[in-house]
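Just below sit the structures, each encoded as structure tokens.
What follows is a pair of complexes built around chain A, which joins chain B in one and chain C in the other.
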Partner chain A sequence: MKIAAVTACATGVAHTFMAKRALENAAEEQGHDIKVETQGATGIEDKLTNKDLQEADILIIASDIKLAETERFQGIKKVNIPVSDAIKNSAGLIRQIEKKLNEE
Partner chain B sequence: MNEAVSDGVDTYINPSKRFKSTEKKEIFREIIDEVVDQTAYKLDKDEITADIAKREALSTTGFGNGLAIPHGKSSQIHKPLVVLMKTDQALEWEALDEKPVSIIFLLIIPKEKGETIHLKLLSRLSYHLMDKDVQDKVKKAETKKRLKEILNELLN
Partner chain C sequence: MKKFQQALMTGVSYMLPLIVFSGMTIALTGMISQSVSSDIEFVSLLNGFAWTMMNIIPAIFAAYMAYAIGDKAAIIPGFIGGYIAAHPLVENTSASGFLGAILAGFLAGYIVLGMRKVPMPEFLRSIHKTLFIPVLTGWLLYFVMAYPVAIFVGALNDFIIDNLILLSQEPQYAFLLGAILSAMCAFDMGGPLNKIAITFVFAVWNNPSGIGFVVNAAVFPGIMVPALSVGIAALLAKDKYTEDEIKMAPASILSGLVGITEATLPYAFRDPIRVIGSNILGAAVGGALMMGFGISTSGVSGVFGLPMASNILLFVIFILVGTAISVGVQIVWKKPAAETLFTESDELEFDITM
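And now, the complex of A and B:
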């Protein structure tokens, strides 16, 4: 699978980046490609390009706040979760997504 | 260790903290009290403690495996301060994995949008803290010196 993800939290310093790492670790362990954009206190980093989003099988939005530049995210399958869910169980989440996509 | 980093983010470490209270807000207060007692930082204790508690109330900062990363903003500082405290107490933190906490990384962040470089250092620290190897290293470390080395690596 090709996964695109965006993480964001209230302060934009800690959980945004912990969620990024958790998603990256889980995706890599399960053999998926992933790119995770962060919308934190320092702005948008590792920004998802149109190409990234067009190629992705799924967009995971792990956020507790209103995101910026969301027009990019239209027309793609999305999963919305609180940022803490990504930190807690990215592995389970990605397995679930894969299962769902395979069933379709 | 590189100079840009030691200039970037200050650290305060206590490898064997004994908390009097088991209540989160009191724990924050005890940490801030110690920092103010032991450093030249002049923090408004009420302001920073309230801000950390406010953030904690949004959602737990206990991210699993006995670690927590509470954080708050202070208008009295211009660059971030990372406080690392380890305790042999098992603190109830309503953590994501429901396990008690014994390692606390408390981030004190400038209220005025500090320099980007500093915030980036904090985000890098948070990013690395999800790494099991890093967590194990912190758990094993017993001395202030060793914890300082690890923190410097993470903030690098």
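And now, the complex of A and C:
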């Protein structure tokens, strides 16, 4: 699976990046490709390009706040979760997404 | 409700840098003016500017809260409403502070959201976006915040002050007055109740009975305990606070020392009942002790009030007692922060949407 993800939290210094690491580790362990964009205190980093988004099978949005530049995400299959869910249980999340996508 | 929470968090996210800038600048310039006796123009100008910025925090907060609900077009109406929440215009009305700003952000967001959905004939569509939405929502926010909201808060203001003045004439209830004043400051962290308590202090400042300096000392725990205790508690019980809260802790402690209660806001927004509850308790005990023992001071704002205290040792002890109570209650009462509860279950609730 190719995964694209965006993480963001209110302060934008810790949770945003913890969620990024958790998603990356879990995806890697399960053998998926992943790119994670962060929208932290200083703005967007590792920005998802249109190419990234078009190639992705799923977009994971792990955010507690309103994101910037969301027009990029229109028409893409996505999952919306609070940032804490990504930190707590990225592995379960990705497994379940894979299952749901296969069922379709 | 989820949308509302996301809007609150977005508001917090965008206002945080301004709280940090204003709080730290006020702290630093305050310390410099305190340590050198002569007035340095550069320092006092910067201090004044930081206070000006402090006063637009509710406007920035409301602007971005509105943005989270109603998108770009809601930013300016939210700013207008939030600005009035901190700057009352009409006579006999009062600032509604952060509670007013939350209301302004919420209203601006949903009004703009609603107006964007109003069907418009083709030839009016561009005027609707560029003229109708900003002007009409701006007027509406202005009207609601400047009149009903500010008048209501103004009336509440007068009511509370009248009763506080009555209470202050009964010396046997001094400890009670101290507890109430201090709790008011701890309750809304720079908001309307906090301002009412300070207004009361200045209302009786020159009272011949000398009560002015006594009530002034009584509000110190209310101003200092909240930011001090969230910072100390976050450093002591790391499992009960999020990574962000622990990183902010040193800045909160410094803010508490210089009397910037607003630094408590991010902690309070995440867990309002437990954080504000513990702070009120600690502050009330501190305030009761302070007034019960008749400690007075003519200084204002945090540790700057210390040298003028009538009994410096007791003054410090009472603030520390209040802080210790609030820290203790918070640590016991708070639940472990979410990120420490790693789970491996596959049971997550979510939907895949387009």
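In this text, the second predicted complex is superposed on the first by the 104 of 104 C-alpha atoms of A that agree within 3 Å, B and C clash if a C-alpha of one lies under 4 Å from a C-alpha of the other, contacts with A are read in each partner's own complex, and residues count from 1 in each chain.
What we mean here is this: a contact is a pair of C-beta atoms (placed from the backbone, for glycine too) under 8 Å apart; a residue touches a chain by one contact, two chains touch by 3 or more.
This structure is a prediction, so every number in the text was calculated from the model and none was measured.
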item	value
Clash-or-fit label for the pair chain B, chain C on chain A	clash
Touched partner set for A:Arg21, first chain B, second chain C, both or neither	first
Partner chain in contact with A:Thr38 - chain B first, chain C second, else both or neither	first
Which superposed partner A:Leu101 touches (first chain B, second chain C, both, neither)	second
Which superposed partner A:Ile58 touches (first chain B, second chain C, both, neither)	second
First, second, both or neither for A:Ile87, with chain B first and chain C second	both
Superposition-derived comparison: chain B or chain C, residues of chain A touched	C
First (chain B), second (chain C), both or neither touched by A:Val13	both
Touching partner for A:Lys78 - first (chain B), second (chain C), both, neither	second
Partner chain(s) touched by A:Ala68 [first = chain B, second = chain C, both, neither]	neither
Residues of chain A at both interfaces, chain B in one complex, chain C in the other	10-11, 13-15, 18, 41, 64, 84, 87-88
Residues of chain B defined as touching chain A within the complex	55, 58-61, 63-64, 69, 71, 73, 96-97, 107, 109, 113, 116, 119-120, 122-124, 126-131
Of chain C, residues touching chain A in the complex	5-7, 9-10, 12-13, 16-17, 67-68, 242-244, 247-248, 266, 338-339, 341-348, 350-354
Contact footprint of chain C on chain A as seen in their complex	9-15, 18, 41, 58, 64-66, 75-81, 84-85, 87-89, 91-93, 95-97, 100-101
Chain A - residues contacting chain B, complex	10-11, 13-18, 20-22, 25, 38, 40-42, 64, 82, 84, 87-88
